[in-house]
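Here chain A shows up in two complexes: once beside chain B, once beside chain C.
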Partner chain A sequence: MRIAILGAGAVGSSVAELAGEYGHTVTALADSRGAAVDPGGIDVETALDRKEREGVVGGSDPEDALAGAYDVLVEATPTTLGDAQPGFGHLRAALERDRHVVLANKGPVAERYADVRALERESEGRVLMEATVGGAMPVLSTIDDFGPGRITAARGVLNGTANFVLSRMAAEGLGYEHVLAEAQDLGVAEADPSFDVEGTDAALKCVILANVLARGDREYTLADADVEGIKSLPGSALELANEDGRTIRLIGEVSDGAVRVGPRLVPAYGALAVTGTRNIVQLETEHAGRLNVSGRGAGGPETATAVLADVDRLDS
Partner chain B sequence: MRIAILGAGAVGSSVAELAGEYGHTVTALADSRGAAVDPGGIDVETALDRKEREGVVGGSDPEDALAGAYDVLVEATPTTLGDAQPGFGHLRAALERDRHVVLANKGPVAERYADVRALERESEGRVLMEATVGGAMPVLSTIDDFGPGRITAARGVLNGTANFVLSRMAAEGLGYEHVLAEAQDLGVAEADPSFDVEGTDAALKCVILANVLARGDREYTLADADVEGIKSLPGSALELANEDGRTIRLIGEVSDGAVRVGPRLVPAYGALAVTGTRNIVQLETEHAGRLNVSGRGAGGPETATAVLADVDRLDS
Partner chain C sequence: MSDSTEEVRAYTVRLELVDRPGELLRALEPIADHGGNLLSIFHERGNVTPRGHIPVEVDLEATPERFEAIVDSLREEGINVIQAGADRYGTELTVVLIGHIVDTDLSDTLDRIEDASDASIRDLSLSTPDGDAGESSARVRLAAQRGAADAALATVREVAEEKGLRVVEPLAGDAA
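On to the complex of A and B.
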């Protein structure tokens, strides 16, 4: 398949680096400042070197990437809320040209799911989005496998940064600010960590799960989610939980038509008490009990494998 | 899809019961003693009632089920070793008629994988087998998703009976014979539990994983597996492990071309220390770290969902 990649951050770069190994050709790689475009296949290494040295992947206009030759558009620009632009516009442009879209960007399917599905119905192209929920973890493909109607609820730990902070606080008895600073030093938390620690990122993933499970019967956006982060959680709460054989995790949940994210007490050694940056999703199934899937929920190569699995699905 | 089901035990009966809900028609249900066959769709409830009352699902010859009208043959007769008969013969007959085969029976793909793939290449029909490894857990579909070449190793707890016995022994400080008798009372262990407690069942699943991961470069059978069961494990070993923060599980492993099953020390609260009859599979991936999938590894409805997910894959 010929792949055009919008977004040259950790995920977009990793998709570009791994695409050849999967037998695909990268015909464009773009970020907001420039693009490398070649219908015969760009030189990925040169483009990424140039980004590192000069801050741009190539001298072409980013719009040329969108208008160029490709079978699949990989949308890996940063997630935005509300109108989900510019990601939504990129998706629309590709679908209007009857091209497939693989999303790593959560915005379009968290904030405008019905619009995305409406555009997809008018197009020969399809929209896949495994990478938007839980990085490398096969969450949406498992739901698809069971049939969304046979999953009665989903819950889990869906943000590695918040989980790192909580599990370090619990294990070391340290305060929130201390552990957050440590996480920032390690590159686990961003300079502005609000998206992660306030629960927004976990909520977007839950909203996407809710949309997939609702199968169009109802549309969810971030505004439908009841979201509480971990910023105001005192270390004493973790100590109290610990005395009771429990700990606290930022749990996202989709059940009975509601989407909720917040700190919850969970058994200290139970499945939901994953440590460090690991994620877990629990699916309650109609006939097969509870399924757990856990793994690395973020990271460039990890998320890129989910993107490339989607590309392979379109190819088969 | 029209489904013919061979085997009317827990799995075959559950497939028959759930097939209608999935939009499929059961055109035959057979065990070794008789069959209900109707190209327009059998009455599943009547057939299962008759089995309960009279011991046979219907008055037709089981061979008529195999020769009848269907798109997919579900092979759910008991797993046999060596020549894997009669399951292998059923699979061959269906493939020679260009019909698809969905296996719940582990024998054909554990003992005669190359033969199965050779027959499949000559047929318009395909062979799927998600139900043979880990019941409801999406193990083979996850491997397929990643591409078998990108999974570097697999390990896990693949037999619920052995795991129930070990986790009860560890939790209650009871001896093997005592817990086994309890498991038999609960219906968790069979009257002859040797297939489970000697590691054979777990080994067959590992052999299937090894065959899938080898992608035809090498064929594995049970004879290639190094297998040790849990029968001779003294309770004192569990006590010693416990003093060290560890426990013992029957772990199957596929790595570096070898298949091994045996009791192993694992961290007491780690991912591999699942309790009761739960199973877990860990996949080591090339670019995405370690993935864990856990859930119910056996049971009629659980395994039937995996069978029906395979049927849906053939339908799409």
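On to the complex of A and C.
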């Protein structure tokens, strides 16, 4: 498959680096400042070197990447809320040309799911989005395999940064600010961690899950989610939970048509009490009880693995 | 339990026993004879009623029809049954409250949770690392009637919101 990649951050760069190993050709790599475009395949290493040295992947116009030769558009630009632009526009342009779209960007399917599906119906191209929920974990493909109608509820830990902070606080008895600063030093938390610690990122993933499980009967956006973060949670709360054999995790839930994210008490040694940046999703199935999918929920190569799994699905 | 398809439920029976040897055993026999499952016996030996009787609280499990037979049989034996009914508190839930818990009148918070939700506070653990004036946390274990856990949680949420407290709720039911 010929792949055009929009977004040259951790995920886009990793997709570009790993695509060759998967037997695909990268015909374009672009970010908002520039693009490397070659219908015969770009030199990925050169493009990433140039980004490191000069801040641009290439001298071409990013629009040329979108209009160029590819079978699959990988949309890995930063997630935006509301109208989900420019990611949504990229998706539209590819579908209107009957090309497939693989999303790593959560915006289009969290904020405009119905619009995305409507465009897909008019196109020969398909839209896949495994990478938008739980990084490397096969959450959406598992739901697809079981059939969304046979999953009655989903819940889990869907933000590695928040989970790192909570599990460090519980294990070391340290305060929120202290652990957050440590997470920033380690690169686990961003300089502005609000998206993670306020629960927005986990909520977007739950909204996408809700959209998939609703099978078009109802559209969810971030505005439908009840969201509470873990910001400034005192260490004393974790201590009290711990004394009682419990701990606190930022849990996202999709159940009975409601989407909810917030700090919750869970058994200290239960499946949901994953530690560090690990994520977990529990699916309640109609006939087969509970299914746990756990693994790395973020990171360049991890998320790129999910993107390339989608590309392979489109190839088969 | 092949003679009944009805669900086994928890019941509490309050008895008043005459203070003489063998009375407690006499009271428990009808429960066993009618297929009740004894859960606990609270024998208030030092707490005598104005009539000189000893109050005993018995928790047991039985189907509703077996329970009726137990109560009838106790009365036939001449045992004074003060109160008999389904256990008021079938489920327990734990929440953690965070914020200016002491400043916002903790006992009022707890009273209102109990009054409004018909739940009972079983246990309270308070942590005030910065003294009474700072942010503190409280772990509260509530006993609620079977099926009323959601209502109890809603009350906790309401009272907490009014007082500017954060609530860390448990996951519903068997989740986790």
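Structure notes:
By definition in this document, the second predicted complex is superposed on the first by the 315 of 316 C-alpha atoms of A that agree within 3 Å, B and C clash if a C-alpha of one lies under 4 Å from a C-alpha of the other, contacts with A are read in each partner's own complex, and residues count from 1 in each chain.
Everything that follows uses one rule, which is that a residue touches a chain if its C-beta (ideal position, glycine included) is under 8 Å from a C-beta of that chain, and two chains touch if they have at least 3 such contacts.
Since the structure is predicted, the reported quantities are computational estimates derived from the model, not experimental observations.
With both complexes brought onto chain A, simultaneous placement of chain B and chain C is permitted, the two fitting side by side without a clash. When the two complexes are laid over each other on chain A, the CA centres of chain B and chain C sit 70 degrees apart as seen from the CA centre of chain A, to the nearest 10.
In the superposed model, A:271 lies in contact with both chain B and chain C. When the shared chain is aligned, no partner comes close enough to touch A:161: not chain B, not chain C. In the superposition on chain A, A:295 makes contact with chain B only, not with chain C.
Once chain A of one complex is fitted onto chain A of the other, the partner contacts of A:60 are absent, as it touches neither chain B nor chain C. Applying the stated contact rule after C-alpha superposition, one finds that A:79 touches neither chain B nor chain C. When the shared chain is aligned, chain C comes close enough to touch A:240, but chain B does not. Contacts of A:312 after superposition on the shared chain: chain B is touched, whereas chain C is not. Remark: least CA distance from chain B to chain C after fitting both complexes onto chain A is 13 Å. In the three-chain superposition model, chain A touches both chain B and chain C at residues 271.
Contact residues of chain C toward chain A in the complex are 94-96, 98, 125, 127-129, 135-139, 141, 166, 168-172, 175-176.
Residue ranges on chain B touching chain A, taken from their complex, read 14, 18, 22, 135-138, 141-142, 145-147, 150, 269, 271, 285, 287-296, 299, 301-302, 304-306, 309, 312-313.
If you check the complex, the residues on chain A that touch chain C are 155, 228, 233-237, 239-241, 243-244, 246, 248, 251, 253, 255, 262-267, 270-272, 282.
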